[in-house]
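Following are the structures in question.
The two complexes that follow have subunit A in common; it is paired with subunit B in the first and with subunit C in the second.
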Partner chain A sequence: MNIFQLSYKNLLRRKVRTSFTVIGIIISTWVLVTLLGFNKGYENSLNNDIDGMGFQIVLTAKGCPYEAATLMLKGGTGLRYMPEEIVKEVNFAEEVDKTTAMLMHAEFDPNKGENGGTIVYLGIDPDTYPEMKPYLNFKQGNWFNEKSVNEIVLGYEAAELEQREIGDLMLILGSELEFKVVGVLNRTGTQDDGMIFLPLKTVQEIFDKKGELTMLGIRLKRDADISAFEEKLYELPDIQVVSMAQVKNTIMNLVSSAKVIVFSIAFIAFLIAMFGVLNTVLMSVFERYQEIGILKAMGALPKDIFNIILIETALLCSIGGIIGIIFSYLFSNVSEIAIRHFLPFTPSGSLIKVDEKIAVISFFAIILIGIIGGIYPALHASNIRPLDAIRSDS
Partner chain B sequence: MNIVEANNLVKIYARGSEKIYALNNISFSIKKGEIVSVIGQSGSGKTTLVNVLGCLDNPSIGSLKIDGQEIFKNTDFVKENLKFSEIELTKIRRKFFGYIFQKFFLIPTLTVKENILLPSVFQKQFIVDEKRLNDITEMLGISKRQNHLPSQLSGGEMQRVAIARALINNPQILIADEPTGNLDSKRSSEIQELLLNLNKNHNITIILVTHNLELAKIGNSIIELFDGQIKKN
Partner chain C sequence: MKKIVTFLIFSVILYSFLFAAVGCDLNDPDRDVKRFFSDSTGYKTAYLSLEKLGGSELLKEVEQKLGDNFQGLYETPDVPYTVYTIYKNSDIIGYIHGINQKGQYGGIQVFLVYDLKGNIINFYYQKLTSKKAKDLRATSFSNQFIGLNLKDFENYDPKTGKTDNKKIIEIKNPNPDNNIDFLATIRAVKKNLILMDIFVFNKNK
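The block that comes next holds the complex of A and B.
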């Protein structure tokens, strides 16, 4: 037998109390791992969405930059429009490699979800959009045959939601027209998965927006000075210039306050776990006052007693930490649903990315916190005088 | 050869401004292999004496030699503000003593075998001396109980386990403080027999504190204390 076995068996004396303490540690670890995973997953997914856009700068009609950022990534209502002539003006600039014009249209669908939802149609130019997004591959079919035709391409999730395959007909809300599905995209992990693509000209016609655009995506030449070009674009009247870096910063600012709140919750959960451990171990030291004295009479040095108590603490935290990490892996989907419910904007893809590094950091963090909580009871126990303990009636 | 030599042992407790002499100038010696019974009324200083002899406590004044080694020198610990540290006392205890108490103090979650081996854990003896363990449990009649928990034992068996625990590190002196205090007369007689056997067959010196005059009679000598002083030796 060694002091590890002795410590382990001590924990089995009060199984219910030990279990409740371990549950507290499990919850704290679960919260910590999930939040660290969220911190990493959110940024990764956002970067993925932004990189997936295929262009460095987007022009929109002048308006709120937050609205523009949301428009970029999610689609939205209250869209603003700019004249189509802007395409020629921008293409004229020598820094520009390629542009692609888009017209977004949102319609409320009362049959979407429990309370209805917004369907977003994106009018695109079939000559330029696919070139900007070469990673878009088809599960079935291909892009539209012509620039103005009653055909649609569905993102992977949109096809699953609408339960459509190529050759099927689909009613376009707000137009009373049925369009033929000519292509279904493979999953990309970006917002394109939920999109319904139509030819730009068709969207302009059926929604009465001839000559208007909501966005113009710009890809610059390799050696172009992005900042200098942005400065030039600012001179265009009634145009909002949004660089992808700005979009990212804007969204990160939006979620930063939410992050402060969740990290505060994690900190409080940690404190609760620490005091839970302190209380459990201290109670157990008080209960074993005489026994600890006897152990010292039998030859245990103060450091032996200190180690026994600290090992008990570390064991509690290790068991709770490991189970908490397993829970955070197993229930990351549930946590993700909850986080998506509370945050103002969430990118597509996995929001919680728990990897080995996060698991290891969290494991050692919870053990460290536990040991800090265990130091006082361990010191208290190591200072018990055998004589006092033997004399006491407790 | 004397294994214990106590000279002018004094133990003073302070109760406010009042000084209480729990031991008052006590001197005696114990030969190796002897059983010495310490008797006296409650509060006479029996437990204080064995606590000082067993290095569980410092004396206030006096000297103590164990097996020729000077543990407490003839010093006024109070005046010179001297005190052995817990670590120093523990090291002495490990070397010379085994303890049996009235309460058995077995750890309820450890088996009999694990309880017996506890002192070895603190001496960092990671390899179990199975032969010694089996010899001791055989001698004490608990060899078949090694894998049982204390809750599955009778009071007499629990005290035997406590004795086995005291013996596992091969102590030179066994200090037994009221070892039969929690047992009925039949179990008390069994423990009495065991102590005699241990002394006779293994030459272990036993310092026995008891109220039980029948048990005290197993001693080669009896020290009777009264108000912290030796009344009869």
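The block that comes next holds the complex of A and C.
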């Protein structure tokens, strides 16, 4: 019987205690892998969401409420406009890959609810907007047929609320004209779901805003320095720059506060696992006090006893670690549901991304923690004096 | 920083605006319930769908009673319907229920207010997009539905707009030159009555 078999059989001699120790290690590993996977998955999903917005920078006129929600809260007032010439000026910059001009318009609808409500329209350039938002797929139909035409594309929720399908007609508030629905978008989980899209030129004409824009979305080239380009944009007069990178950083800062708490819990779980291992192995050493003494009397060196105990520890941690990693793979969806429930903001896509690297790091981390917990019992066992042990009552 | 936090807050608010009302809820239930039942002391909200209550068999039954099939992308058995049960202390004093109906230029939300026997005691367009919306929203139009119940609509055919019931024949379209939203409204009222019969008034049969 070699030293590994001896260690393995020692663990099997105390099945219940070994099982509970392994369960503790499984839970600790599961928590660790899930948290590391969350750290990676959340950032990836957030990046995808922000990239999915299609542009990294939005330009608006200074003081303009650039979000539809602001317009609704303000009853559709407070919009400010910037000249359309800004598009040429920005396109001229070498860092710019693509731009798309937009004109948002809010109208008060007296027939919406008891006291009326605000409807927001977004005028877009059919040549550039779809390219910037490749994730927008159609449930029915397609984008507008021409740049200036009385046609409408509806976000998923807007179409549902208005009960519109392609070919149906709609009225645009502030205009007596009838508009034909030519496209209904699939659900995206973004604010586009509630949007009523019209061609930019049409919005400019019917709402008397020729040559004016509310927003310019900018996508930069891959190697462009976003911060340096933002600095350039700040020099443009009466323009406010909204960077999606800033938005992402802010969200990440908010999330990191939550992550500190979660990692603290993980650390405590780790400590519990370590002391669980220490306790199990130490108890095992005390129970086998005479047996270890006999082994030493038969010629086992302190090093051999130390190795036996440490191998037991490593075996416990390996079994627990592997099962914990498997659990984290199997139950990542359940963990994700729980995280989505507790976190105030979660991006779309997979929040927990467990890969091989995380699995390997977690596996070795749990073994390391276990071995640290096993050193004291191993040292204690290796220092047992054979005669004292054989003479003892236990 | 302040700008960004504002952006985030507004985004959250926007999503709540945009994802609301997939079914047909009152925009402001506290205010609306008081408006229709001034002596009410509270209300309970129940979310029901044909899919959950009886699936395709129930859908067939509803379509048969309606005299028309469910149509298009949005009139489906999984649509959640919201029934408001109105209380005065521990006693039920009435019900409010609304449905979405496809209109000529947009979705129409027709709410009916019921007494305990299933008679209409009030009619309300929560949402209506029409060139003649003002006429349809006039009390002279909505008052025509007061006192009617499911029995009155039994022989009404939503496909042709014809019936032999005198009370329904007498409902006047305020815009005789365009009857699309008028007919959509009558269909919505009949559908509302049928659903309430299943959800509340006749649910044990």
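Throughout what follows, the second predicted complex is superposed on the first by the 218 of 394 C-alpha atoms of A that agree within 3 Å, B and C clash if a C-alpha of one lies under 4 Å from a C-alpha of the other, contacts with A are read in each partner's own complex, and residues count from 1 in each chain.
Just so we're on the same page, contacts are C-beta pairs under 8 Å (C-beta built on N, C-alpha and C of every residue); 3 or more make two chains touch, one makes a residue touch a chain.
As the structure is a computational prediction, the values presented were derived from the model and not from experiment.
Now for A:M170: first (subunit B), second (subunit C), both, or neither, which partner does it touch?
Only subunit C is touched by A:M170; subunit B is not.
Check whether subunit B or subunit C contacts more residues of subunit A in the superposed model.
The partner making contact with more of subunit A's residues is C.
Would you sort A:K112 into first (subunit B), second (subunit C), both or neither based on which partner it touches?
Second partner only.
Is A:G211 touching the first partner subunit B, the second partner subunit C, both, or neither of them?
Neither subunit B nor subunit C is touched by A:G211.
Return first, second, both or neither, reflecting whether A:L387 touches subunit B, subunit C, both chains, or no partner chain.
Touch status of A:L387: first partner only.
State whether A:P134 touches subunit B only (first), subunit C only (second), both chains, or neither.
A:P134: touches no partner chain.
Touch check for A:P237: first (subunit B), second (subunit C), both, or neither?
Neither partner.
Once the shared chain is lined up, is A:E160 touching subunit B (first), subunit C (second), both, or neither of them?
A:E160: touches subunit C, not subunit B.
Please identify the positions on subunit A that touch both subunit B and subunit C, taking each partner from its own complex.
none
Under the stated contact criterion, what part of subunit A meets subunit B in this complex?
Within the complex, subunit A touches subunit B at residues 1-3, 5-6, 9-10, 12-13, 290-291, 294-302, 304, 385-387, 390-391.
So in the complex, the part of subunit B that touches subunit A is made up of which residues?
For subunit B paired with subunit A, touching residues are 47, 51, 54, 56-57, 86-87, 90, 93-94, 99, 101, 103, 105, 107-110, 114, 117-119, 121-123, 126, 128, 165, 169.
Show which residues of subunit C lie in contact with subunit A when the two form their complex.
Listed in rising order, the residues are 1, 3-5, 7-8, 10-15, 17-19, 21-22, 27-28, 31-32, 35, 72-75, 100-108, 125-131, 133, 137.
Help me check something: in the complex, which residues belonging to subunit A touch subunit C?
Interface residues on subunit A, with respect to subunit C: 67-70, 72-73, 109, 111-114, 139-140, 155, 157-165, 168-171, 176, 178, 184, 191, 193-194, 240, 242, 246-247, 250-251, 345.
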